[in-house]
Amino acid sequence: MQFPTFQQLIQHIIYGITVGGIYALVAMGFTIIYNATDVINFAQGGFVMLGAMIMVSLNTTLNLPMPLAFFLSILIVTAIGIIFERAAINPVKNASVITLIIITVGASIFFSGIALPIWGQDPIYAKPFSSGDPVSFLGAKISLQQLWVLGITAVIVVAVQLFYKYTIIGKAMRATAINRTAARLMGINVRLMVLCSFALSAAVGAGAGMAIAPVAHASYDMGSMLGLKGFCAAVLGGLGNGVGAVVGGFTIGIIERLAIGFAPLGYSGYKDAVAFIILLVILFLKPSGLFGTSQK
Amino acid sequence: MIKDSSYKKHIPTVILAIILIIYPFASGNNYHINVMTLVGLYTMIVVGLNLLMGYAGQISLGHAGFFGIGAYCSGLLNVKMGLPPWISAIIAIIFTAGIAYFIGIPTLKLKGHYLAMATLGFGEVVHVILSKMDWLTDNPDGLADIKPFGLFGIKFDSSFVMGQYFMAWIIAVAILVISMNITNSRVGRAFKAIHGSETAASSMGVNIAKYKVQVFVLSAVYAAVAGCLYAHFRQFIAPSIFQLHTSITLVTMVVIGGQGNIWGAVLGTVLLTWLPEWLTVAEEYDIMFYGILLMVVMIFMPDGLVGRLTTLFHRLWSRFSPRTQAEENG
Amino acid sequence: MSTPILEVDNLRKEFGGLVAVNDVSFKVHPGQIMAIIGPNGAGKTTTYNLITKFYPLTSGNIIYKQKRIDHLPSHKMAGLGITRTFQSLQIMNNMTVLENVMVGYHCKSKHGLITAALRLPLYKKEERDGRNKAMSVLEFVGLESKADWPASSLSFGEQRMVEFARALVCDPDLLMLDEPASGLNIPEMEHMAELIYRVRDNGVTVMLIEHDMGLVMNISDVVTVLNYGQKIAEGTPRDIQNNQDVITAYLGEELDF
């Protein structure tokens, strides 16, 4: 085991928070759909990837300004989410857990299958949102894009909370999540809420992808690992728990980064196992997650 | 009468055996025979997964992990310790069974989504560990120089295509027969009873925890057998095949074939192993079509192909059955 | 009097703060038909679930054939000779009628995975015995012609019979029926009553939870009445019909003696 200096430690934690923010957004995407449908959407990583790739294309190929590319990309991915729900989730009735898992996995394969011929195998370069020198914090360096990631994460988390709290659709979605039958009896169009949850989840996923594109390697298969880590974060926080998903995301991001920091030389390659080990430990000890009430 | 029906029961096995014997001679294409050998290996895993999913009603998204543990364990024992392939394979299978047992006890307490997630997590941990094995394999790409199986002085290496094909399929058919025997027994009924109603099963004396772990270990053993054969056939193994994507493909083979139907497992495996080969027609769009096909089949045939065919068959059958009954009565 | 086959002593179950079964005691004597009645929510099925170990007890003893069984898991009950049916049907829809009933033979046979895989002699013998036994029980309940049907294709009344058959196939000493007549039409109910009699005449002790008072008063030897988790009366059907506490407990409910 190696012991990093204080400065390195801070640096690792900052990295962890940045990556954790992305995990948190992906986890939130899982949570939104899970609450509305009991579906674990394995295509969540696909939304992340599409968000990033489409934004970069709009920005570099079509030369649209970054903010416009950002919002257009969110719109396009949201539309993809809606089409996905209508085409692949809505027609399936009374499907088993495993059938739905295979459908969403099929969708995720489909998304990367489309992305591969369009954008090719190699990562594409994404411009940072703003240029400038890294900021110093307690001796550690924070790049401006990392600040962007944190900012975008914060904005999306707050926006989703506000949406749930103050809009009619948001309230209806919450009601649907709590009790589908009761919601239906109260006149809420549950099918529409399912559609909305896919739209919202796609938008959140796209946001995550765009924020991380300039720091990570944006490529056709970037979604799969991010998706799985976000999935671990969602379980850690308690599947279906929005706040839990965010806390779970940051927790996994930071622990993963610290594991790299403390790992003996040559062992940092095992970092990808960290999230899954956390997943197994939480499932064996408290399947309802950190914030969940006991499993029904 | 009873004799007669048990005789009929063997017809599909005999037909399968005949097709399997004819295939390599009819095909004559070494590449195709190799694909069919792979189908044989996958059939072993899928039959086990079918017992786990279709019969006992549990889920595993981590069986590529057991496949990988079997392959790497046998390969490493052979390469690093110089054990003969047969011995290393047997040790690897026992080792995998042990891992499955210890993982199975806490995992199978979970249900539905949670079970799916835990098995997925297990599979990914195994994949990461196998990916970082270069300190042991001395090769960043995988494990090389695995010795082929030998029998009576004949080496079953990659040039002996027919030998590998028949070895794989003899074992696969043996696993099929064993599994069918199990499904028609007290143990198989216990598996199905757990799927049908855990409450009723338990009140009838079925130890649910025990049988869940039993079927999980059994399916892991089948996967390990396939893994050992894979390692010593290919003589080189890379971690990339032992990951979530493969686990999900295996599960899809079970579902597409039809859960709770051993023959469905074979059909699903054949279709899904050949599908990527057929899709090469679509060139760079092959992955996309693969994704679409998975979705379409699941949306329109959630019971799988054999389920669909059986329903059709029953519909036809019921049309003729009144006459059959009348004949029996008369 | 003979020694009781089952003795329940101060049985208690709390769910959170709610007391579902409040220190209930009773004895069941061999060869009797003992009915437990009570208004909805009286704790009847909970009492069954405690005896068959689907819930852990909060406190109390369960003594079966003079041995304490309250520490044993639920899957040990069938082997001891205690089987049960369920108020909400627990038919395995993925199996045929015969297979459903053969699951009941599980505790009478012991071949395991490897014996089955290799079709060793023990497997063949037990499989034959189990099949014969299951067929004879199906004949007893009148379903032998539908043995190979998928259980899910049977009518509700027939499914009740399958459950009944499944509980009988391992020759229990104590048969616990949970509302065996609910959902049955009159002829089916009469058939069920007759079968229960015949089972008792074969030496099986029967416990019965039932809402149909006609059936209970007709066939029971002893009736225990629960209300709000407590035992409020016990006696012959005639005693119970005249018991003031019982009448009060059922006040407002349709009571059709």
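Order as written gives the chain letters A, B and C; numbering starts at 1 within each chain.
Assume contacts are C-beta pairs under 8 Å (C-beta built on N, C-alpha and C of every residue); 3 or more make two chains touch, one makes a residue touch a chain.
Model, not experiment: these values are computed from the prediction.
How are the chains arranged in terms of who touches whom: line, ring, star, complete or other?
line
Based on mean C-alpha positions, which chain is nearest the centroid of every protein C-alpha shown?
Central chain is B.
Please work out the Cα centroid separation of subunit A and subunit C, and write it as a whole number of Å.
51
Distance from the CA centroid of subunit A to that of subunit B, rounded to the nearest Å?
The separation of the two C-alpha centroids amounts to 33 Å.
On a C-alpha centroid basis, what's the spacing between subunit B and subunit C, in Å?
A distance of 40 Å separates the two centres.
Please name which positions on subunit B make contact with subunit C in the complex.
178-179, 181-182, 184-190, 192-193, 195-197, 199-208, 214, 218, 260
Which part of subunit B faces subunit A closely enough to touch in the complex?
Result: residues 53, 59, 61, 106-107, 110, 112-114, 116-118, 120-122, 124-125, 128-129, 131-132, 135, 244, 248, 251-252, 255, 284-295, 298-299, 302 of subunit B touch subunit A.
Which residues, counting only subunit A, touch subunit B once they are in their complex?
38, 40, 88, 91-92, 95-99, 101-103, 105-114, 116-117, 224, 228, 231-232, 235, 239, 266-267, 269-270, 272-273, 276-277, 279-280, 283-284, 287, 295
Over in the complex, which subunit C residues touch subunit B? Could you list them?
52, 54, 73-79, 83-84, 86, 90-95, 99-100, 102-107, 109, 111-113, 115-119, 123, 126-127, 130, 163, 166, 170
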